[in-house]
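Common to both upcoming complexes is subunit A, partnered first by subunit B, then by subunit C.
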Partner chain A sequence: MTEAIKNGPTWVGTSLPRKEEDRLLRGRGKFVDDIKLREMTYLRFVRSPYAHARVLSVDTSAAEALPGVVCTITGKEVAAQTQPFIEMAPGQGQKIRDFPLAVEKVRYQGEPVAAVIAESASLADDAAELVQVEYEPLEPVVDSEEALLNKSILHEEAGTNQVWTGIWEFGEVEKAFQEAAYVVKIDRMHFHRFSSTPLETNVVIGQWEPKEDRIQYWCNNSFPSFAIQFIAAHLMVHIDRIRAQTSDIGGSFGIKITSYPQMAVCALASKKAGGRPVKWVETRSEHMTASAHGNERTFRDTRVALDKNGEITAIASRHIDDCGAYPRYEPLGCVIYSQVFCGTYRFKNARIEFTQTVSNKCPVGPNRGYSRMQHLWFLERIVDICAHEIGIAPDEMRLRNYIRPEEFPYTTPNGCVYDSGNYPKMLEVAKDLIGWDAWQKKRAEARREGRMFGIGIGTTLDSGTNNFGQSQIVDPNAPFSGNSQGANCKLDIYGEVVVAVGSCPQGQGHETVAAQVVADVLNISPDMITVRTGFDTERNVHTGMSGTYASQFVVSGLSAVHGAAQKLKAEMKRLAAFVLKTSEDDLEFGTGGMGPEVKAKSTGKSINYWGLANIVNVNSAVLSPELQDVTLNCRYIWRANFKVPDKEKKYGNLTLTYSSQLHIAVIEVDRDTFVPKILDYVAVEDCGVAINPRIVEGQVYGATAHAIGAALMENCVYDAVGNMLTSTFSDYTPITSMNIPNIKYGHISTPSPFTYSGAKGMGEGGAGPIHTISATLQDALFGQGIFINESFNNANSIFRSLKYREGGQLAQSVTLEKRV
Partner chain B sequence: MPHAALEEKKWKGPISMPETEIVEKVAINIKVNGKAYPRQVEPRLLLVEFLRETCDLTGTHVGCDTTYCGACTVLMNGLAIKSCTVFAVQADGSEITTVEGLEKDGKLDPIQRAFGDSYGLQCGYCTPGLLLSTHQLLAHNPEPSEKEIRKAIGGNTCRCTGYMNVFKAIRQAGLNMKGV
Partner chain C sequence: MYPRSFHYHRAGSLKEAVTMLGQLGKNAKFLAGGQSLIPLLKFRFANPEHLVDLSFIPGTSFIKEDSGAMHFGLMTRHSEIEHSALARRIPVLHDCAAGIADVQVRNQGTIGGSLAEADPSGDWANALITLDTTVHCLGANGTRTIALSDFVTDAYTTALAHEELVTEVVVKIPPKGSGGAYLAFKRAAPVYPSASVAVQLKLAGDVCEDVAIALGCVGLTAIRATEAETALRGQILNDKTVATAAEAARAAADPQSDMRGSAEYKRQLIVALAKRAIQIAARRARGEKVEGAHLYA
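Right after this comes the complex of A and B.
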């Protein structure tokens, strides 16, 4: 690759070409499925065709008789030698028993019931077909509101389908409604299920050597430190006996956080197979039906109070979140939504009753924009619907309600502190980029011709670096708070600068940006720095919160890298001052004829990194006694300065940084086919200081494409009895080059006062396009009397709404009560 | 809720095969990146499995199993095909180019360079397939229009980049190939 060139005063802020590129472009990346081990066996799951059924019997004898089959494993065997997975829900939710293979019941289509381990992948496929499972179908529950009626209960031991419920109430809600000039009521809105579907599916190689009693994983889990906490408790082994490694990962977007049940099965299968490694490669259909989906949410009985200027004064609503068959990472989503409790808006009074239920569908997992995008969509729908009802333009409505730029850092009604932002400025930039006035004119012309033509705005937030203390709001006894990440920075024996960090990137360019940070600290080229990413418990740079999730690497990861590099630099200074017989103030870091070096400004004498590393590693007799603690191998744990939130009041700072996004779309709905066509699209990002602007831009495009797909094409559809109808890509239709509009990109920068670099976590993107496309279709269809109350809209649904509207059967209601 | 699946009270799993037939292996010889791979394979072995498991060329990936995503795209006798949808026996006697065959003397080819320079990849999982689809496009048309670019990679799903930088990369690759 070409030599790195700085395009400013620092490497941070430079669009450095990515260090990851070379191996990936040559087809020499190392993804888990590329790994072959001696005596490796292959695992195939036997899965339930039913959404809800009792498992009467599992007969594996025919499979075991097939030549080449090593062993089989059933739910009963798993239950006999393990503890159920930890449940994070308090109360009745604690009683849910979640095993990685179904024991007495199956609770979603595709739930694994048994596993077959064979000498080859195709033999495992063959053998899985021979496993006989007898089921007794039970009444499936696929609708969350129906689930809460408890007519058919998924987890009898819990006695209810409700996982969690709680009320967030701040300010004087009823007083605000009494004093309101307008009250808008929206009876129902619904945010659909979808998944970011990384192109590489879940893959695990697990090995449990009985003699050593040690479990090794090569996997693509994106939060391995969390996964091993679940697995260790489940398998009842010491956590230090589990080694988990990741290498290149083909996308995760959060979805790969929840592969720990399959990881557990691979370990158990390996143990049964005498310690042979067991590889499981998930098929796409398995991924679609049985890995994880994003949370589905229904918003009921929403009331909005507004003053005479259209400023929202209060919101009240009931939210029902559907987490699928097993809570797993949930009910964390029940509190994570409240990181963005008021979105980008200033209202102070709100009451949200939040309830989560299980249903006979695939369990959910953190999916890009996890739990916040649902809530942000809800708020954006409110803003557009209210603007329309009281006759204010949607841009003006937003300007009246946005948190003002001078109010940052802004404390939200529930105690979150938004670090920085300038939403009106983003609106201005976005309007300029899209040509707002010209499109307004075109819209007026189109409407005169009776065309369905809309322009819409979506404002959203990408909250990064969680305070895990928020888990105590859902469970007061949860032993989690704060946030941390580890990194190590060293001079290796020959003086190479080597950085290790406890993240497991999936395309975010961590190797590159970490090198940029260290290059600035040591004043050398990033080319001279090797970055080891990919998780490895034995690298000893992880904490229990290490992984790659929740838009936090730039804050937690790079702060850890920066801390480790500073520590190394301090040691190098002490050592160089001793060798060069000068004071630390006299030293200068840079690159000389013998590579990277430290120089005494007064004498011009220098020592290169090889020299420094030599003394510490292989020439230590020359060290003075006061330098005996110098290792040039510096581990640093970064910790966020968080407090445990007030659990009773549900009040406290839940996230460290708040990137913001503002999108505008122009859409025309074809009058004959009802296909919504995006005519223009702009995405403006504010993530504070961009460490590598081109990487940031790429993340914005990616997040935008995901959410355009989710808004118009990607929907996890279940029929009335819980059959998943979108179990292949051909049914689910991830967005392609043929559907993506050209995205115009803009950015502003309001540096975070809470991070050392001014950067704010980014990447998830807050699902801006879902809000924006709903708003734009709304603008196109208000004239037809349609309210967009679903997050997923395509030609079919638009056609249906229009036809139902014509026939007077449209079951949606928005009412406006005017008191002025 | 009356439903066929529920009315049928008990259902005994999928129909079992009485005994799996032992299928004889077939001798094939496929040239991959200029090197011959004479091998004995099961007739059901997919070309992508042949490349990954038999030839140990793991640059070609599998993303969807159903011919949608194109992560498995390779060139077969110069034409871009999805190797998850071709049996290895069907490729007998053919010449295959995979991503590993693109570099020349250790140097990236103009398409690979353009993808790197344009940030045309993130996780890199779909990239091998995209490189080969691009190869086919530019071999005949070094200055493709936006529409032609979109169509040429319509069968290559990328979940990371949102395609914007991929479009840029393909335009740049065309320029690179012309030596501009």
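Right after this comes the complex of A and C.
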């Protein structure tokens, strides 16, 4: 490895190559499936071919008779020895009984009904084929609005398919409508179901050692502290008896947060197998059908009030979220959307009725941009459609409605505090990068020739470091609030600087940025710092909120690292002052001939880190009595300064930081193939101070590619009876380099006043391209009389809309009421 | 998933492969590049008890010109054809080879396996049907030669007997003044096309003397669009005649609605691809160098 070079006054802000890159690019990463344990057994699930059916019988005898099969486990056996998973929904939702293997009913295609455990993975596959399950098919429900009619109920115990409902109302909505110059109504909009396709699927090794009554997990769950809370209650064991470890993780995008049911089965299977470790490696098809998808949402009866200048004064709408067969992490999405309640806009009056329903589809899980991207897409559609209806250009419309730069920190109608931002500036930077005026000219020319040509803008937010207190808005009894993360910084016995964090990175470069932060505190090179990432309960640097999710490491993780490093530095100062017989003010941190050291400026005498560590760890008799509390092993728990929100009013600050993104696209729809070809693309990011600009840029490319895929290629499709039609990559077509346009990257920086570094969490990206591509297609197709009311658009669907339009069968309704 | 267990056999010669398969019986299959067969095994859609691997038979991977024809060995990989200067002389072949799936699949998949698989969306059968192509086979009763049009009889069905092997694919080199193009529409690289069109034509001045047009992925086998050919044969190529031919191709297509698109949309794609492929083929016939690139969603 080449030596690290600082390209500014501090390591923070330097585009340091990633410390983990060397290991990962050479194939030396360590992933769960790389772990080989003695006596390992292998698990395969037996899954339902039906979306909705009663399980009449499960016969595992033939599987058990197969040589090499260790044991099998069924839903009935699981139910007999466990509690159903915790449900976060209050009321009827509490009655939902979710077990990791189906007990009486299956509720989505691919739901596991039994598992077989064998001496090898291929034997487990053989045995799974021999399990006989008898089903009685029931009527499936795949549409959320139909689900709400309760004709066929998924969870009979709950008596309804509705998981949750609530109303967000702020300001004077009806008054605003009465006084409006324009009222725009949009009948229906729909945000589609898509997912993430991490290179590495879910993998778990679970071991429940009966002698020690201790459960061990090696897993790639990306929020293990949450997973073990669910598992411990389900298995009725002390959480202290569960050890969960993660190593390198090949992508998660949030979707790996909800692997706890499979983790629970691995433990139960291990117990039945006499404590032998049980490994489960999810196949790609399993991942596509039965891990987790993103939330699907329908927006009904939207009304928008605007004044004569095109400023939005009020929005009213009904949102129906479809969470699939089991709520699991839900109904958190029902409140998380409100972190970005007003998006980047200033309107004060709004009424949103938010309802969530189950359906016979794969359960949802937090998927990059979780619950907020759906809402941001909804707002962006409103802005473009209203602009068009009242005849204002989309850029101008945004400028009139954006929160002004001087209004930050800005309190939203529902009490969230946007820390910083400058949306007009981002628009300016993006326009410059794409060559706005030149494209406008080209568009005019193209349209003269009858071509379908569009330019569109998407503005979005990436809210990070959430206040778990928002869970109390969905369930007043939820025992969660605030946010925290732990870190440890120490001088090891030989004086090595070792940092440990409770995060589980999946490519975000935590090792690198944590080293940059500590390097600045101690004034040494990041090369001299070892960072241990990866969650491990027994490393004792986690809190109940540790993990890697919700665009927050730079805030929660690095604040904890920074706190721990400062604590260590303070101890080192006390110790060095004693050894060097000087005052703490006289000390200087740096690197000398014997490595990293602390020096007395007055005498020039120094002590290196080995010397300091030596005294505390193996030479403690020389310590003075006042220094007995020095450990050089400093743990720091960072806590966000949040309050519990007002549950009745649904009011309060839900997130600490708000990165923003502004994207512009240029698209031409081919007149023969109807392929929407991206001719130019710009992504501008504002995440405040970038700790490592190169990593930020990389995250932007990744998030942009992911959401271009979602906008144009990736769609989880179910047929009318709940068969998943996109269970392979051939059908789901995740985006590849062949489909990614050249992305022009730009950034501005409005530092956050709420974080020690000025950084704002980023990485999820707010699904900018979904909004932007919808806006751009909208611009191209307004001329054809088409409203983009779906978040997923491809050549086939554009062709269909145009044909339906021609044939007069297009069921779309947007109306404008002018009162001026 | 893992395939069910099977016995693996390695054939040392073509003859041995045929004998082995005959002896092993109905539950045995040849294994070439494995790019169709292995996925089927992993899904357990196909569960043969024996696999006879053809990969180690010497002299089965080649591209050579001989008496006015191009010869391809059964094990010639898509990528070898993609990178062969010789094969480039028949542009349809290069277009086809270079556009199949992704690098990994092209490095493994073979022309022999592709024809034997007869996947309705497979590229080779559609591209080669516009050329004078014969398939050389070796079976229990010795060798025989089958015209490609008689070789693929239905979806996933060929004229091959159970133990019969494709040994060589022979393509007659088109006469001077010919040009061809193969264009597919693909949603993503590692995915079969939604629709494809192959065109091979010969020009005399501006007049299209002869033409073959085939449509892929829009029927159980590749479809020869004979009405479209008639619309061009003996005609001057211009926007009007090309459009007429493309419309005739639309009518000849018989697609199904599926995840790759609705039947109506696939017909529309056929029109778009036919127009472009005819135009590229014509330019190539005039000696222009035109890179034919598939269309991506």
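Heads up, the rule we're going with is that the second predicted complex is superposed on the first by the 820 of 820 C-alpha atoms of A that agree within 3 Å, B and C clash if a C-alpha of one lies under 4 Å from a C-alpha of the other, contacts with A are read in each partner's own complex, and residues count from 1 in each chain.
Here, a contact is a pair of C-beta atoms (placed from the backbone, for glycine too) under 8 Å apart; a residue touches a chain by one contact, two chains touch by 3 or more.
All values reported here derive from a predicted model rather than from experimental measurement.
Taking subunit B and subunit C in turn and counting the residues of subunit A each one touches, the greater count comes from B. Once chain A of one complex is fitted onto chain A of the other, the partner contacts of A:G29 are limited to subunit B, with no touch recorded for subunit C.
In the superposition on chain A, contact of A:E200 is made with subunit B only, not with subunit C. Residue contacts after overlaying the shared chain place A:D126 against subunit B and subunit C alike.
When the two structures are aligned on the shared chain, A:P17 is found in touch with subunit B, with no touch to subunit C.
Of the two partner chains placed by the overlay, neither subunit B nor subunit C lies in contact with A:H238. Residue contacts after overlaying the shared chain place A:M713 against subunit C, while subunit B stays out of touching range. By the touch criterion stated above, A:E134 is placed in contact with subunit B alone, subunit C being left untouched. In the superposed model, A:R448 makes contact with neither subunit B nor subunit C.
In the overlay built on the shared chain, the residue A:K211 is in contact with neither subunit B nor subunit C. Looking at subunit A, you'll find residues 122, 126, 129, 283, 285, 729-730, 734, 736, 738 touch subunit B in one structure and subunit C in the other. Taken together, the subunit A residues at the contact with subunit B in this complex read 1, 17-18, 20-22, 24-29, 31, 33-34, 36, 49-50, 56, 62, 66, 122, 126, 129-137, 139-140, 196-201, 248-251, 253, 283-285, 506-509, 694-695, 697-706, 720-721, 723, 728-730, 734, 736-738, 740, 742-743, 745. Subunit B makes touch with subunit A in their complex at residues 1, 3, 5-6, 8-14, 16-17, 20, 42, 44-45, 52, 56-66, 68-69, 71, 98-100, 102-103, 108, 112, 115-117, 119, 121-128, 131, 149-151, 153-167. Taken in their complex, subunit A has these residues touching subunit C: 44, 121-122, 125-126, 129, 283, 285, 670, 672-675, 712-713, 717, 725-726, 729-731, 733-736, 738-739, 794-796, 799-800, 803. Across the complex, subunit A is touched by residues 1-5, 43-44, 102, 185, 187-192, 259, 261-262, 264-265, 268-269, 271-273, 275-276, 295-297 of subunit C.
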